[in-house]
């Protein structure tokens, strides 16, 4: 508020710069590693920025032939061996994340509307959904494996979509609820006076007003689905491969990991999340607090 | 202990807007000065500069003759009551009152004593243990006032302290505040847009508009001798009537015709011939039931009832004018006879909007 | 129906909703409700059953035919050092991570509270970590804390001799990179929450405190922090719940090892269920965790409720 | 059994029959095993791959059949060339699912629960077969073996101990993952060193026969101030149990007695652990934290006396990246003196094994593929892949020029010798639990958190609990069986 002393300003600016460096450093390292040729992955001292940048790691991720060539070239290094393309994991993740997001947002919007405008189930009803998010997924994963085995849902798109939809519903219901609450019910009332049914009034009056909010919710949930790991790890066994599973797959033997390849896969797989994240930056707080804190 | 304040040639600009330009003002010791103006006139900016939240672009702020520009807010010995009272909502009333003392490092016992005394003085005893968030507006107002008074500020700044209160609380508070100020001999700068507050409490009023001081003077002066159309219109309730007039001059003598009254001699002054304005307080019209020599009959359009007096709205040429009459005066009548005393009207220059100064006044023939 | 719901408060007080309207609003919540039931309630019932059996896939029977052992799983859990250890370790991780996240977040938020050039851009830059896929973030930290990674390199440069410490293989230190990864990734969220809270603080209360002569520290602790309490409560609640579930970084960085040195509750249960395949036993552990978590959450959910109310 | 017969360990089944006769306790088990139908197969070792392909082609005739193989990531180089040939000969398509190599056993076991049918054939690590067999996910291959397997198929494999569980065939070992020792030949043959060493110990430097000798040599060469280190043995938790396992067996004991009471915490076990902890002092600095890759890279520096490892280790050390290429001596893991007799206990601790999923709609075709892939001709093709995981496991492999070039002759000699006499891992249901318990406690002892005695007592107590939970009676059946198929020379000495 009052004018700061110069040394204080310098200190503050340095702190800001330091925090930015720390925020960026792991990502820098990921990207930097993804561009390193094989023999620099585990060099000592580590190479910060390679002199010989290569796209080889990215080729290994996406082109099985490149992976096999690479493996053949690295004679004796049996641990550094990959095969198969990551395309499938992007495809699978895209299908699962998109559909699960769609269901979550549609179901969530309907439920949120019902909860806000009709007080369905009373004051405490929405909390029931919230408890879903408090469940450690690992606690339900064991019975889900059992249940899925009976229902033949293991290792299927539908199984993961079901799990993702359920576990993101708390977010969609609570976020969209907070958006609907921002729109006065009187607006719908005005439409209803003109003879419109209530649900239609919601669709034609309120929904367009909260379109941005619903879209943000969708992106937010897409991010969650795209990044999910535990369910994918346990509920799939090879037919379905999500990107997180693919990343974890580039692990070799007891010895170590395919740093460069893993970094390449990591850089690519996290890109959509970063992009969507910044698009909805304004709503991140609302999302991650279930709509409790608004901007 | 109470202080003088001098503002000289203050300027503050936000982007393209000159919020305060060339403001100079002096507040004497123990004086109650109101800074009166419509919202956006720059009075809050001025206040923020005095308090030290804003640094003026130019000019000086001096308390007791010492420049405050390099003094941080908390060292200026200023007490500030905000429009929203800014009660620390998470603290109890007691802690709110003790906050300033605590910050100054006053001992616990002393703090306790002063809080009790202040609570006693402002009749807040029953609120002391309540949480800040649980108070109603008038309680907040009182606590806010007590919270600054307890630190014995050299200068008390009040920023629209009554705008959130309802009418009766306001009326009560005006008296109490004035009394308190007198008994403490406290210098007060009172910022408001409400002329009633300013008129009823102030020793002097500074009327402000668009970053400029329009006029500084006692309430009487401001009311009787506004310097321009803005001040004339801003002060007075019911509001002053402004009607067009046509000016004839011979030498420096001015003769005015209005839509209904002719040949009003306004004495000497500098004014061009042509259309100008007449500002006439509603009290200045003399309303009668019977016609008299220089009265005109005006049709009654509607009546506002203020209880102790009524305001008749009469058709005056193309305008409506308000005329104050006793209750029941216009009962069942369509026409009222109105005469006008030229001594009580203000002639306003159409181009400069300034009130024309008249050297001598002669009653119209 | 329509008229009643015009005004939400009126609706709330409205005498028993008309029968015709009721199915409609219930129908609206039905898809969400059914999904949740399918994926949460059914498994919970199955957990109840499994927790009293000693079902192990290696015994070759399907889960619904497993032999009940009644309370013995719980009895064993009570004496299972690894389970208790994982529980305590998880609580430690939650306390350390959430506390540090909050402390750093508050510090950062205060830095970003004042207006300065490029501030918005800097905020976007600082929150980058929370935009990263957690598995990728964990991988990045795996590389950073590799014995041949840049962290060791920096330490080497500082101390002036080669430092090749294998953080993740040392039982005493392996938890550190995991916690740092978690803190790195989620401090930005905490920061955003706190910053939002700070920016929405009533400015005049702070100004009032300034004019009353309070020092910056006093203003912060006596005025700002109390005002921030609800926001901070929500932030702590949300982050504690999420941190309690911590899995991805542990899995990627250590798998709970070396030994059980970094086994958090999720990792313990994963290892138990999917490495040792002691499904019944882990179901019992899961049930205990569920009960604990839900009761804690119900107790703590008041701030959320208040904010929404 | 006469010892010295190099081909012993291959004759698993025969030996088991003999063992059965000798062990009254096994009488109950014997019938189901012995009453296996006589072999109907006309195939011989040389043409088994052709016969298998033919049989598969007939079974799949007129249908479009696809087999899916779940394999540890990185083994495609071993599997694909063989699979391509199979497809070529039979028209049966092969697809692959890759999972991280540390997780394949879990994934296969999970399939027992989820039954997705996502694979027909899998390549789990051998030590997991007991769990997998008990879970019901593996097809008991006896009936198919009776139909298609040539007489000496398993005798020809140098190590087939892990293929059987409770007397039934569940898979084919396809990887020779036995522990082998690596020594710095220049140091061994250095005259000055030899003199200094024999002056002190009374015998010359050599490829050590016993752990005592190895420990003495490591101590001799360990001069960190001169940049020389005794050894590059593993001390990370994941690996530590394996070395102790060999040291313990070399002292002449089975890990469990006939009643499944742990013997690991007897005096020999404690001694073995004390020696292991003492040897830690003569290892290079990174030993406690370094995994496999770092380990062989470190030994490749050429400043360490000895190392332990597998074929993969040799592939690196024999490459141009290694400074010690061509300067190594090899040997099996050291043994010990039991009652005045030298006992060698080389150890087979990992290895991939072809198994067939019980969820597979085509178990017989799937079996035929595994038979095809493990046939001498085809497995040679698989092992040839220089980047792959599969190490030699049949006599034929050691004669292959390409394989010899990759591994070097001296190594292969030591490897073959080890393979023939390898002791098995603890092939019991719950192997992972037993071993993890052991690993944690050994590490605790190594870093000084527990005394060796404490560590092993704790392990033994935990083992008893695990055995009880797994079902003692069932475990005993397998343990008796397993003991009966330990290599004869070892089995006779162990108590």
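Per-chain residue numbering starts at 1, and chain names A, B, C and D are given in the order in which the chains are listed.
Here, contacts are C-beta pairs under 8 Å (C-beta built on N, C-alpha and C of every residue); 3 or more make two chains touch, one makes a residue touch a chain.
What you see is a predicted model; the values in this text were computed from it and never measured.
*Asks:* What's the farthest chain from subunit D if centres are computed as the mean of the Cα atoms?
*Replies:* Using the mean of the C-alpha atoms as each chain's centre, the farthest one from subunit D is B.
*Asks:* Is the number of contacting C-beta pairs greater for A-D or for C-D?
*Replies:* A-D
*Asks:* State which chain is most central when centres are taken as means of Cα atoms.
*Replies:* The chain sitting closest to the overall C-alpha centre is C.
*Asks:* Where the centres are mean C-alpha positions, what is the separation of subunit A from subunit B, in Å?
*Replies:* A distance of 60 Å separates the two centres.
*Asks:* Between subunit B and subunit D, what's the gap in Å when you average each chain's C-alpha atoms?
*Replies:* 98
*Asks:* Quick one: subunit A and subunit D, Cα centre-to-centre, how many Å?
*Replies:* Computed value for the inter-centroid distance: 41 Å.
*Asks:* From the C-alpha centre of subunit C to that of subunit D, how far is it in Å?
*Replies:* 42
*Asks:* What are the residues of subunit D that contact at least two other chains?
*Replies:* Touching at least two other chains: 110, 113, 238, 291, 294.
*Asks:* Indicate the residues of subunit A shared as contacts by at least two other chains.
*Replies:* 1-2, 42, 145-146, 149, 234, 248
*Asks:* Where in subunit C do residues touch two or more other chains at once?
*Replies:* 63, 164, 207, 210, 274, 279, in rising order.
*Asks:* Which residues of subunit C touch subunit B once you look at their complex with the stated criterion?
*Replies:* Its residues touching subunit B are 202, 204-205, 207-215, 218, 222-223, 226-227, 229.
*Asks:* Can you tell me which positions in subunit A touch subunit C when the two form their complex?
*Replies:* Contact set of subunit A toward subunit C: 1-2, 12, 15-16, 19-20, 22-27, 29-30, 33, 42-46, 48, 103, 106-108, 110-111, 113-121, 125, 127-147, 149-150, 162-163, 165-167, 169, 173, 178, 185-186, 188-189, 192, 197-199, 226-227, 229-230, 233-234, 243-244, 247-248, 257, 259, 262-263, 266-267, 269-270, 273-274, 277-278, 281, 284-285, 288-293, 295.
*Asks:* With touch defined as at the start, can you tell me which subunit A residues reach subunit D in the complex?
*Replies:* 42, 68, 71-72, 74-79, 81-84, 145-146, 148-149, 152, 154-156, 234, 237-239, 248-256
*Asks:* For a test of understanding, state which residues of subunit C touch subunit D in their complex under the given definition.
*Replies:* Residues 54, 57-60, 63, 147, 164-166, 169-171, 257-260, 274-277, 279.
*Asks:* For a test of understanding, state which residues of subunit C touch subunit A in their complex under the given definition.
*Replies:* Result: residues 1-2, 5-8, 11-12, 17, 21, 24-26, 28-29, 31-33, 35-36, 38-40, 42-47, 50, 62-64, 107-108, 111-112, 122, 124-137, 139-144, 146, 148-150, 153, 156, 164, 184, 188-189, 192-193, 196-197, 206-207, 210, 231, 234-235, 238, 241, 244-245, 247-248, 251-252, 265-266, 269-270, 273-274, 279, 282-283, 286-287, 289-290, 293-294, 297-298, 301, 303-305, 307-308 of subunit C touch subunit A.
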